[in-house]
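Note sheet for the following structure.
Note that the chains take the letters A, B, C and D in the order they are written out, and that residue 1 is the start of every chain.
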Amino acid sequence: MTPRTLSDLHRFGYLGPRGTFTQMALDAWDGARHEEQVPFGSVDAALDALRSAEIDAAMVPIENSVEGGVSATLDALATGDPLVVIGEVLVPVTFVLCARAGMPLGSVRSVGTHPHAWAQVRSWMASHLPDAVYVPTLSTAASAAALGRPGDVMFDAGVCAPVAAANEGLEILAGDIGDNRAAVTRFVLVSRPGTLPEPTGADKTTVVLFQRDDHAGGLLELLEQFAVRGVNMTRLESRPTGEAMGSYCFSIDFEGHVQDARVGETLMGLRRVCADVRFLGSYPRADGVRADARLGTADHDFDAARLWLEQLRS
Amino acid sequence: MTPRTLSDLHRFGYLGPRGTFTQMALDAWDGARHEEQVPFGSVDAALDALRSAEIDAAMVPIENSVEGGVSATLDALATGDPLVVIGEVLVPVTFVLCARAGMPLGSVRSVGTHPHAWAQVRSWMASHLPDAVYVPTLSTAASAAALGRPGDVMFDAGVCAPVAAANEGLEILAGDIGDNRAAVTRFVLVSRPGTLPEPTGADKTTVVLFQRDDHAGGLLELLEQFAVRGVNMTRLESRPTGEAMGSYCFSIDFEGHVQDARVGETLMGLRRVCADVRFLGSYPRADGVRADARLGTADHDFDAARLWLEQLRS
Amino acid sequence: MTPRTLSDLHRFGYLGPRGTFTQMALDAWDGARHEEQVPFGSVDAALDALRSAEIDAAMVPIENSVEGGVSATLDALATGDPLVVIGEVLVPVTFVLCARAGMPLGSVRSVGTHPHAWAQVRSWMASHLPDAVYVPTLSTAASAAALGRPGDVMFDAGVCAPVAAANEGLEILAGDIGDNRAAVTRFVLVSRPGTLPEPTGADKTTVVLFQRDDHAGGLLELLEQFAVRGVNMTRLESRPTGEAMGSYCFSIDFEGHVQDARVGETLMGLRRVCADVRFLGSYPRADGVRADARLGTADHDFDAARLWLEQLRS
Amino acid sequence: MTPRTLSDLHRFGYLGPRGTFTQMALDAWDGARHEEQVPFGSVDAALDALRSAEIDAAMVPIENSVEGGVSATLDALATGDPLVVIGEVLVPVTFVLCARAGMPLGSVRSVGTHPHAWAQVRSWMASHLPDAVYVPTLSTAASAAALGRPGDVMFDAGVCAPVAAANEGLEILAGDIGDNRAAVTRFVLVSRPGTLPEPTGADKTTVVLFQRDDHAGGLLELLEQFAVRGVNMTRLESRPTGEAMGSYCFSIDFEGHVQDARVGETLMGLRRVCADVRFLGSYPRADGVRADARLGTADHDFDAARLWLEQLRS
């Protein structure tokens, strides 16, 4: 199979509707700007469309600096036909409180938004609208869309991204109401296997590890596979396998590219000690931070060691 | 302060409304059966009431065998005034599809339920109601309550526990529709510090660990504190500290009681190498499984070692 | 260079003189029985002759179950032109007290033997000849040889192998006088690089590791290179590098053959983290014990992992 | 038992005869200068005299920067009635070649000295006296003593410390002939339990560890007991237990004093995982180097952690 390159991607799906933070992430991806963009109602729907080749890539949220891992994405990537991450985008998260024209802040009795957004404006709400009733919506943009549509709506105001409020012609009652002003969400661009970005020297790799058994010290053993080859983890998330209470797999990001020697040996080591290793791609880091290989773990160290071993064996 | 005992608890809060799995968990707790039970609209609200001494204890969900950790609970316990877990309850999760009398399955166009429940009936819905629109509600019981109230409702059917459907006099369109029949949710009974259950020999301890810095191998170092004293972890969950993308703390359950010698030394070790350790209680395991201390890590081994050291030092 | 095979070896050196335990080890080596055998006055002399191609192989003692590692051999192998171990022999150590005809045990006032042998008959001497003066000799056989030669001698009796006493026509005053009846000495047959025995499934490999710096935890880091690939050590000996007090290298034997995948990766790992790794050969174990590869560390596990990685990378 | 202090020691034994490096070490020990000094013929004899209270302390060699550990001392301390190290002395090792008056270097046909000394002048001998026959003696000083006595002697010249040659009125044929000019020998002052030097902040502790079984990774497990409490090893020597080939115990020096909290916990940890731990004393380092406790492992960190644990438990 000829590997696809990033420029072969033309139809991009994303977690919609228009006006979500996910669309902002897709807009920030150079290669998607002049291509087709297709909103989906859920992460699952977007990834299913990708698996069935309806689209070429999908932008989905994977991690929020306040709320943590996005379970729907983590689980959808960990099971089903294999997909791979080919890029990541960091988007600062800014929330506004918006309403139809003419609704003063003092009259707001109910607020609609996505549960994750609600969690991130909790303090602001407690001070400014302590008695407001919360109404969950399927996305932040959906709360704006509901307010934007003519007719009745279940709530007086919505919490969403500024762009969603603007899209729907809503009035901003309060801006930047997130409890954590530094909140950032990390999105990943996912594609089908066969697309592997070139190493840049500032890369990340994502895997899901399924342990052979839940024996004591199992996780320690997995982490040693990284440590002994000088590979740093940047995210570790445990996710239930669903088989039984206490049965977990681990979703892990670490520094380096599958083409790097130390990453290759680490992956082989994990493959040998795990029941299963799901490779979810190697891709350039959004922050561009280069991970200097620890002494003795650079590619040339591996090459020198291999040469030496070959001489011993011959 | 005289420590409270479990029999000093009389007002129990829980994540309501009536008919939730959380209420089922509270019903399963012997000491709460004949006491006052107060529903709360959110985990935060229940724990706030506990902190302000409005109630004596609160039952909240902490972990689901399919959906993983319950972020709201993990985060509420990890911050704010200290609380401690004093017991745990495992509840099998069984979902029914219910509706007002006279609504046949074939006519259902929209379904309301809590997002976590929706995630757990996804496959059943895809086969039986592929075109149904999903409407999020604040809890599974809330979907039943909405259907039970006279007047209009946003959806035709709800997904909830059998007891919630019964409470509201609804008809069961389909029973046991969960994708994973073995799904279990784990609930914890939380109280204020000062209540510490006695060791039973089959106990668990819960902590939150904040690393001193996010250096490579930091988690490995923490796990070694457990391993070297023969203490097994049963759950490890990473949660963002909120400070920056990639900054995580670890919510950990492990075998043993704070009064056990090996647990005490492990906790002291963690305290020394962590920026902060939040102790969230020692309590009897719901499954009653006794963790046999590994050779050399029983209390009498610690006692013998201490005696020996004292002799060396004198 | 065409590799030499074991049958290409015709001139065998050994730590002499005739009658030493080392000669017994050489006699136990099938391939040496009908070949030339050349005694040397010291381990250094034998290994120098091997390095200058005067002989094809040399049998030297490396480890005694009572006295420990043989420093002269360990140090001679760790420095100078490279040599490799190609086989090992275990010889039970049995000491006799012998003298010229007509010397009764009661008249023995002085005893000659090698210091290592003296250390191993200490208790017997303390009970039976508490007042005997000890006279060191260059080998156990040398004490017999001195008694066997006409003329004066510095001592009345010698401690040596039965064969040495027989060679010299001496009388046995007491047999099997070793304090530890189970004492065994391990000898290695050494050759020049280019001779590498085939893997048998029951092999050992010997290396000398020089650390990059004497940092804390340095040895721990080396041992983790073995542990993470499921390779067991069977001997670890620290030897001073001679550079400064406290500067040590490690002479290590471990299970497996350089051709085994897990040994190859372990060696490459050591090579990367050490200042230097000196490979001292892979050879069949004298005891024939097969080391079953731990789950996930057999050659086919490595092959499967490599194939998998290649697919990921392509 | 009232602990003895260093000033209670009046009779000092040492590995004699007069003129050995061991006597030089004893001379360097302030507290021994004006006290009785008793030479013994072997390390065993000196330590036996100490055990039977004939003497109060004994100075014996334990480690040489070129030749490594002194087996006789390591083994004598590891078995028998307990003894403890109460101090250490470093002595630079300088060898001279000496002979009776009138013997020119060119006429030397045979050289007597202790095997360890012979090993350390090997290169000098190979260049200057390549044909000289080597005659082992019981100590370096014994070779000088033999030459100093009237009558026949087995060799023409001796290798010993300058002081031994001077004691016997011998002529120096060549000075400073050691192959390694930086060679140093480390001596320890040993006493009976009951004498424990105060912590100075620059201390060492010595132990012998006997593993519970020779399982794979056993040594790794022991080293982790040190690592997890931030304790650095300065010497690790494996010594056969004598029970079987491959059965070893470990003689280990590490930084810190038994009264230090991190050392105490390490010792208790070792005691729990080992079949036996033999404590061989805590004493000031000869080089005065202070080991700064790693972050989180100072005594006050342990105190703070213990206080915290006590609060949790109450």
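Here, a residue touches a chain if its C-beta (ideal position, glycine included) is under 8 Å from a C-beta of that chain, and two chains touch if they have at least 3 such contacts.
Note that the structure is predicted; figures quoted are calculated from it, not measured.
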| item | value |
| --- | --- |
| Both-way neighbours, i.e. chains that touch subunit B and touch subunit A | none |
| Whole-Å separation of chain centres (CA-atom averages), subunit B against subunit C | 60 |
| Whole-Å gap separating subunit C and subunit D, where each centre is the average of the chain's CA atoms | 25 |
| Subunit B: positions in contact with at least two other chains | 224, 227 |
| All touching chain pairs, where touch follows the definition stated at the start | A-B, A-C, B-D, C-D |
| Complex contacts: residues of subunit B adjacent to subunit D | 3, 196, 212, 224-225, 227-229, 258-259, 264-265, 267-269, 271-273, 279, 295-297, 301-302, 304-306, 308-309, 312-314 |
| Complex contact set, residues of subunit D against subunit C | 44, 63-69, 71-72, 90, 115, 119, 122, 134, 136-138, 154, 180, 182-184, 186, 216-217, 219-220, 223-224, 227, 232-240, 242-248 |
